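Read through the structure below, which is laid out as structure tokens, and then see the notes.
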Amino acid sequence: MQLSNAVAVLGQFPVLAGADLTVHRGEIVLLQGPNGAGKTSLLRLFAGLLPLARGEGTVLGCDLRTNRESIRKRVGLLGHANGLYADLTVTENVRFWGATVGATSAEVDAAMVRMGLAQRLAKVPVSKLSAGQKRRTALACLVARRAELWLLDEPHAGLDATGRDELDATLREATAVGATIIVASHELERAGALATRLVEVVGGQIREKAGSGGSSASAAIDESA
Amino acid sequence: MQLSNAVAVLGQFPVLAGADLTVHRGEIVLLQGPNGAGKTSLLRLFAGLLPLARGEGTVLGCDLRTNRESIRKRVGLLGHANGLYADLTVTENVRFWGATVGATSAEVDAAMVRMGLAQRLAKVPVSKLSAGQKRRTALACLVARRAELWLLDEPHAGLDATGRDELDATLREATAVGATIIVASHELERAGALATRLVEVVGGQIREKAGSGGSSASAAIDESA
Amino acid sequence: MFRTARLVAAKDLRIELRSRVVTNQVLPFAAIVMVMFAFALNTDAVVERVAPGLVWLATLFSLLILVQRSFAIETADGATDAMRAAGIDPAGIFLGKALALAAELAVLEIVLLATAVILYRQDLRASGVVLLVSTFLAATIGLALVGTLYGGLAAGVRGRETLLPLLLLPVVAPVLIGATRATEAALGTAGAVVADGWPWLGLLGVFVALFSVGGTLAFGPLIEE
Amino acid sequence: MFRTARLVAAKDLRIELRSRVVTNQVLPFAAIVMVMFAFALNTDAVVERVAPGLVWLATLFSLLILVQRSFAIETADGATDAMRAAGIDPAGIFLGKALALAAELAVLEIVLLATAVILYRQDLRASGVVLLVSTFLAATIGLALVGTLYGGLAAGVRGRETLLPLLLLPVVAPVLIGATRATEAALGTAGAVVADGWPWLGLLGVFVALFSVGGTLAFGPLIEE
Amino acid sequence: MTDNAVTHQQVIAAAASPAPTVAGTGQRRASASGTPFTRALGIATIIAMAVLLLFGLFLSPADVVQGESVRILYIHVGTVWVAYVAFGMTAISSAAFLWKRTTSLTWDRIAGASAEVGVLFMALTLFAGALWGRLAWGKFWVWDARVTTTAFLFISYIGYLAVRGLGGSHQQRGRRSAVVALLAVLEIPLVHFSVKLWRGLHQDSSVADTTHVKLHDLMLFSLFLALVAFTLLYAWLVIHRQRVMAMQDALDDKGLDYALQQRRREGDL
């Protein structure tokens, strides 16, 4: 992933005001920064949802200005919203989102077990879940997608202690098989331990910080994703 | 506040299955527990939004079964949703929610300053805010209400580091003037430091934990609220 | 109660001023409905005979949309919940929302009547003006009251887009009939006499009285969980 | 594309099976609209003459509600965004949602036609059956296609409740006209001959062809940010 | 947006001062959208209108059946044809905007400007038609096929303008509205052939009808003049409107530069 001097606009407002960032394959990058700094916007830009107004960028080798469609197929985004269908059960939701990318039913089941949804909750409609249970379901949908680039917007919010551990384990596994992960979070204690690199977003721009070096995935692999 | 053997039902599901809890005036109680344990439901019960199916309870001296309306006027609830009007500006939202309880415009302004919304953001429509900025606005609406009992459902979610500090300071001030606060949160590091008492909710029941003793408000005042 | 009503009505009208939904979209919609009716009935003579009925039918369909919009504002981010939790007087909410709705409806009806006069060739006559104006007033208030009552009931329920019309249309049938007959009398459609209109206006009056009292009392229990 | 379409259609229909919104709410609504028309047009002879027009008008209004519901499902928790982010083929989404909508509309129309035969005393005749069935098929598919296209445009926009009818109604006017005339011919309303109906069916055919191709191509750009 | 308001004020102030030119539109003065060409076009329009008045009101004869009221024809038919042209232009520009190799906001702006002028002309058509209807049929409005389909067409383009006003980025505005425009233009044939499809009250095609020419030569010439005059007016309005839109967009871009600075400064606080 590479961004140079990226500007993105919502309405009239420059949510990103010249951001430069390079992320290598296998890294877990933590985006932090004050409210309204542009973290969510940066993730949406990477996911190909927000058009680039100025500057340049490539994601997984695809140009962000010309080739946004092909990026999306390989990227998984967990936004502030969960994107679940309230009338369907947990299993049906995970299965639907898995099926859209051709996940097998074994993969779907594995994702549900991973997020602790395989028991009582499997057949409960999403409308009856608690906030944290919904978040878990959304994560399971994401896990079932097996994306190459994971973009997570405050994934820990609403999860309980075990949920957080499960999530962290899942993310580490994903990087082990070559995925790259970008996490935006305000929970520095939690996400900081996970991340291989800390990046601060302020005023739509990016300030690099010294890596926390929680794992060593990034040092080993150094090809630009 | 007092609950004894409280049972509350949503649909057919007993979200609270015999909860016992006593909270004293001036305390800051932290509710923790796994996803779906019943924390949100407990807060809604205290706010008079969820009817009591069995058991007994009083809040601020009012009976939860017979007198729910009079409780609500004195309670402030921040739920998972923010309850803001997307087309109105931040100021208009805070002013509206303040006005419904007769807050003066000075109090409204103070609440906005408290949550760091008094500058650029004051005139921005809520639809254009980032997730954390919305949460701040919702908190400002709550602060403007000056409730006697504050019920906060994951108030830290989405807030940045300064926002969290501001919130903690606000809560401490509120207890200093006699308010009681119940917080449900998964961020134990953060909320644990604030709370005077830790309570664990599991399976719709309550397990007391040793108080973390962050402040000493509870020890001094010991009248049942 | 009236202070709350004023606050709520002011808020709703301000949101309308910001979003301009009624002006820019409901008005053209109502106009299209009128054109559509006339077209479906293609014969000229028929259209002229039933013009007042068509005006009120178009008003009803627009009412559905207006009510939906009025409560979409509230439920979008859980504001209804927040209102209940804040202990705001439900009677005040009811009257306030009905007031705002009546104001929007009134604008709409004036346009519809003007369209009818031009498109459907109705004649205004001096002797019918008092009847016409009082009919429009009574019908507007009546519709706004019922609309708010059932809108509140349907709001927050899943499938509210469809539940509302189902509930609302049968109840407003008397308004449709009464207002149609009274308008026919006032305009002298198909040779109707002004004197024939007054009993129908009486019907409307009863309707208004019923729903202003009934609605004020029933709204609280209706929006209660 | 077709696999995606199947998935999406299956999901929509399953949601309908779970929530039973069409069966329990839209059907009664449509029936009420028919009764309402009969009321507003009070003279018997008129109703009998324009019955086919009324059937199609009622279908149009139900279409509005169905489309709204169909996209409310998607926007409620940000599923549209999730779909875009997941790189799901927009043409597939379009066809899938249109398919589900067509299925729901078909059920609705059968009920409406039955109501018309009973309430408005229309006669079915053997010679018109082929024309009648093909008209219903063509009109249903056409309406579902346009409805989905404009529903996708209006989804997620503020004030969507009102934008949708504004855009949709003028476009479906040809369907209304064509289907009404063809149905009149098939039923022999007011002495119409079956042979008169075929050119109108041709018009419907052109409409369907146009929107199936146009919609498939245009849906992507429409829902893009 | 507070800082956007500031932005705009500042940029407007900058634009009002004599020195800078607004990028991309190539005027000498940034505060106007006129050029020598448009001025010439404007003058030509005025002359054509004057000649039209002369022919329409004085030189062309009254109709055998309709009398003096036939003179409304020149406004009625002149405006409707130009409205068709305008909507056609909207469709073509929209297609050009959507076509990958020509994607440019200029096309989007031409489409929008043309639609606005088209709606204006269509309103004139309806107005003149209604007045004429009062004289010819005794009623302002009849539920005749062409009259009704015209109303639908008119409303469709109001919807188109509503879609343009939805907000979002310029690209998003362009894409959405282009799709709507390409669908709405299909109603024009419906309006045109509606008289054939349903035999209604409204005049059948009387000009292009080669079998029996009904119109007096001078009437035909006046009609032609009307066409020319309204087309000139259309061109003049669209060019100006499109330039004003370009200036607004350029203003947004200038505003963007300023907003970018503001945004970058957020972090320093």
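We just call them A, B, C, D and E in the order they show up, numbering each chain from 1.
Everything below uses one rule, namely that contacts are C-beta pairs under 8 Å (C-beta built on N, C-alpha and C of every residue); 3 or more make two chains touch, one makes a residue touch a chain.
Remember, it's a predicted structure, so these values are computed and weren't measured experimentally.
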Numbering shared by both copies at the subunit B-subunit A contact, with half separating same from different: same
Between A-D and A-E, the pair with more C-beta contacts: A-D
Superposing rotation of subunit C relative to subunit D, computed on C-alpha atoms, to nearest 5°: 180
Subunit A and subunit D, separation of their C-alpha mean positions in angstrom: 39
Distance from subunit B to subunit A - Cα centre to Cα centre, in angstrom: 30
CA centroid of subunit A to CA centroid of subunit C, Å: 47
Inter-centroid spacing, subunit E versus subunit C (mean Cα positions, whole Å): 35
For subunit D, residues that touch 2 or more chains besides their own: 19, 158, 163, 166, 169-170, 173, 225
Multi-chain contact sites of subunit A, meaning residues that touch two or more partners: 10-11, 13, 37, 51, 80, 86-87
Overlap residues in subunit E, where contacts from two or more other chains coincide: 1, 152, 155, 158-159, 162, 168-169
Touching residues (chain side subunit E, partner subunit D) in the complex: 98, 149, 152-153, 155-156, 158-159, 162-163, 166, 168-169, 172, 175-176, 178-180, 182-184, 186-187, 190
Touching residues on subunit E, where the partner in the complex is subunit C: 130, 139-143, 148, 151-152, 155, 158-159, 162, 165
Footprint of subunit A on subunit D - complex, ascending: 4, 7, 11, 14-15, 18-19, 73, 76-79, 81-88, 225
Touching residues on subunit D, where the partner in the complex is subunit E: 149, 153, 157, 163, 166-167, 169-171, 173-174, 210, 214, 218, 221-222, 224-225
Interfacial residue positions of subunit E with respect to subunit A in the complex: 1, 4, 7, 167-169, 171, 252, 255-256, 259-260, 263-268
